[in-house]
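Chain lettering (A, B and C) follows the sequence in which the chains are written, and residue indices restart at 1 in each chain.
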Amino acid sequence: MTPLLSVRDLERRYGPRIGCTGVSFDLWPGEVLGIVGESGSGKSTLLSCLAGQQRPDAGTVTYDGRDVLAMAESDRRRLARTEWAHVHQHARDGLRMGVSAGANVGERLMATGHRHYGDIRAAALDWLGRVEIAGDRIDDRPSSFSGGMQQRLQIARNLVTGPRLVFMDEPTGGLDVSVQARLLDLLRGLVRDMGLSVIIVTHDLAVVRLLADRLMVMTGGRVVEQGLTDQVLDDPQHAYTQLLVSSVLQV
Amino acid sequence: MSDYNFAYLDEQTKRMIRRAILKALAIPGYQVPFASREMPMPYGWGTGGVQLTAACLVPDDRLKVIDQGADDTTNAVSIRAFFQRTAGVAVTTATTQATVIQTRHRIPETPLTDGQILIYQVPIPEPLRFLEPRETETRRMHALEEYGLMHVKLYEDIARHGQIATSYAYPVKVEGRYVMDPSPIPKFDNPKLSDNPAIQLFGAGREQRIYALPPWTQVVSLDFDDHPFVASKADHACDLCGARDSYLDEVVTDDVGSRMFVCSDTDHCTTRRDAGHTGRLAEVAA
Amino acid sequence: MIAVENLSKSFVLHNQGGAVITVMAGAALHVDPGECVGLTGQSGSGKSTLMRMIHGNYRVCGGSIRIAGVELAGAEPRAVMALRRDTLGYVSQFLRVLPRVPTVQVVAEPLRALGVAQEVAQARAECLLWRLNIPRRLWSLSPTTFSGGEQQRVNIARGFVHPFPVLLLDEPTASLDAQNRAVVLSLIHEAKARGAAILGIFHDAEARDAVCDRLVDVTGFTPARAT
């Protein structure tokens, strides 16, 4: 077996400031990698470099044996709508608010050449069910959905093409705690059943404890610690991680 | 005549437009930017089409101008008069006689022939505009042939109306490459876009875009396997000439709901009536 | 199946002046297939620390832990993950689950992670919940609202749902009544009979005597605390 995604010495600078630097890791099929850190730690910069939204200044990203940074834009975008998925923190960034829920889910299918309306609609209906959205909402626009529903719709829209690699940016941010739990459970089931590899960026240690197999802790644009999730959280080695873990409010 | 350059625009401008036309013909369906000029008429009145016509006209051309198929509406009359005055070219209402036809929202019923130029007035050239407002993104989508979004629009139609309800400006794919807005022609006219012996030019003045279909270009209307494209029209015959195969306008004739259907293409209707064809209300109209 | 040699562990507290606390040194033990070994020692002597190191929660500072031939010291995270999925079961004292997930799914999860079909996994989970006397009406509810004893039994069901070759049991019989304790002890006996290597912490002397073949006193692994 080979890693699905290999990152080596990735660096992104904004002028003299460091976005992220010296980031290296392997992501294996079926693995969920959490990236934690505070605002400004570089975790979001790293994610957008990996997802191809920003171009890193140095380093390599290899996906399934292919050099992502050397890829033609058309190939990279094709990957982005077939084998990759990107779940944004704000559902509005990841959804088309002007078209129905069904069209939102069907878009990736149509973008990959599906031309049978009945099949596309059936797939959309199936996926709405999988993310626990009632089928009779298929023709409603996402603007009429609650925040949690929008987030689940975004997940359905992303997973309909059966991707292998999912980027998630604070997927539970801004949701009520009860809604978060349901979303996390849903994500965990999908990750397991579809064998997804996931990179999830969050500042919420509870989220990664429940979802991530492995953890990377970032501060100041650098990875200061990585390892098994419970190992990093229960036996943190780096001063920053110890501070982070000890700062969590207990309930 | 001495007050104006031939066909109003100065020669440098016409050269610029012709270069854009040549590029558009070389890349069928691709929107070529051009430096659209102010014309002595408001945007939305066909400034894009007028600039194309001005750039194409030569003194021995014979010009026809139609608006929604009619030669006798304000827009058609004004533009025709404009070129009579600024270019001194002959004008006609007969499709078969014209060398250059400027049109708004129709393709003539009479099949076009080799050597004719059909010039469309285009309000919004970008077919992806309504779903993706960012021009940077739509251009990239064209460049990378990412056209899934067009089908999203058609999907919405079917989901909402049970069928593809888009009845005009129906999107097409040109030579298997660029998705193009054929201007707001009824979808009834879409099949005429394809394999047409005439040159078809599209001009959007406000949006500063020119695109084109060279003769015999393959143009396919987008659809779904289970909801195929249908070139529909009102299910009536023309009440004046009796034609069953032409695109019809519905005209309300009084305030108690009487109505009649007439050919939108006035030249087509007139020619048929001159040849003795009559419709349901031909005598009333006479 | 479990082989611990010369194991040491210390914590460096960077946010408390870099204090180094050594909690274990020279620890050694082994557990063979079909054997149950109990850890003894006073509270705070390092039993739980040792268990967590064997489970991989705590990093190994020195020495070696080998489970079914896999060296944990310096192991790749995915090697540890694979070990936990296939080989190494762990019944902790605390139930840590996603809120709102039904109990039966919580219990079935280790099997689902191994790719066992939903129906099969669910059937096995239900069987264990039934044996552990969790009322059927609770199966579809989240265990987060259960009593301590019920949560403990859910945790045990989860640990025994897959026949793990190696099992770590942290106080599996605490807060259980006599009837349920007997069920847990029989589960342990069954696991031993199929050849599982079991390492456990049992405060309950009766339970300890009933299942443990040997005892290891961890007091000897704890270095004298500098006062």
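Couple of notes before you dig in:
The rule is simple: contacts are C-beta pairs under 8 Å (C-beta built on N, C-alpha and C of every residue); 3 or more make two chains touch, one makes a residue touch a chain.
Everything quoted here is computed from the prediction, not taken from an experiment.
The fewest steps needed to get from chain B to chain C, moving only between touching chains, is 2. Across the assembly, the mean Cα position most removed from that of chain C is the one of B. Centrality annotation: A (chain centre taken as mean Cα position, compared with the mean over all protein Cα atoms). Put simply, the C-alpha centre of chain B and that of chain C have 76 angstrom between them. Inter-chain centre distance (chain A to chain B, centres taken as mean C-alpha positions): 46 Å. Chain geometry summary: the mean Cα position of chain A and that of chain C are 32 Å apart. In chain C, no residue reaches two or more other chains under the touch definition. If you check the complex, the residues on chain B that touch chain A are 131, 140, 144-149, 151-153, 155-156, 158-160, 223-227. Put simply, chain A touches chain B in their complex at residues 73-74, 77, 81, 96, 98-100, 102-103, 106-108, 110-112, 115-118, 120-121, 138-139. Residues of chain C touching chain A in their complex: 11-15, 52, 56-59, 77-78, 80-81, 96, 98-101, 112-113. Chain A meets chain C in the complex at residues 28, 31, 178, 181-182, 184-185, 188, 192, 209-210, 213-214, 227-228, 230-231, 234-235, 237-239, 242-243, 246.
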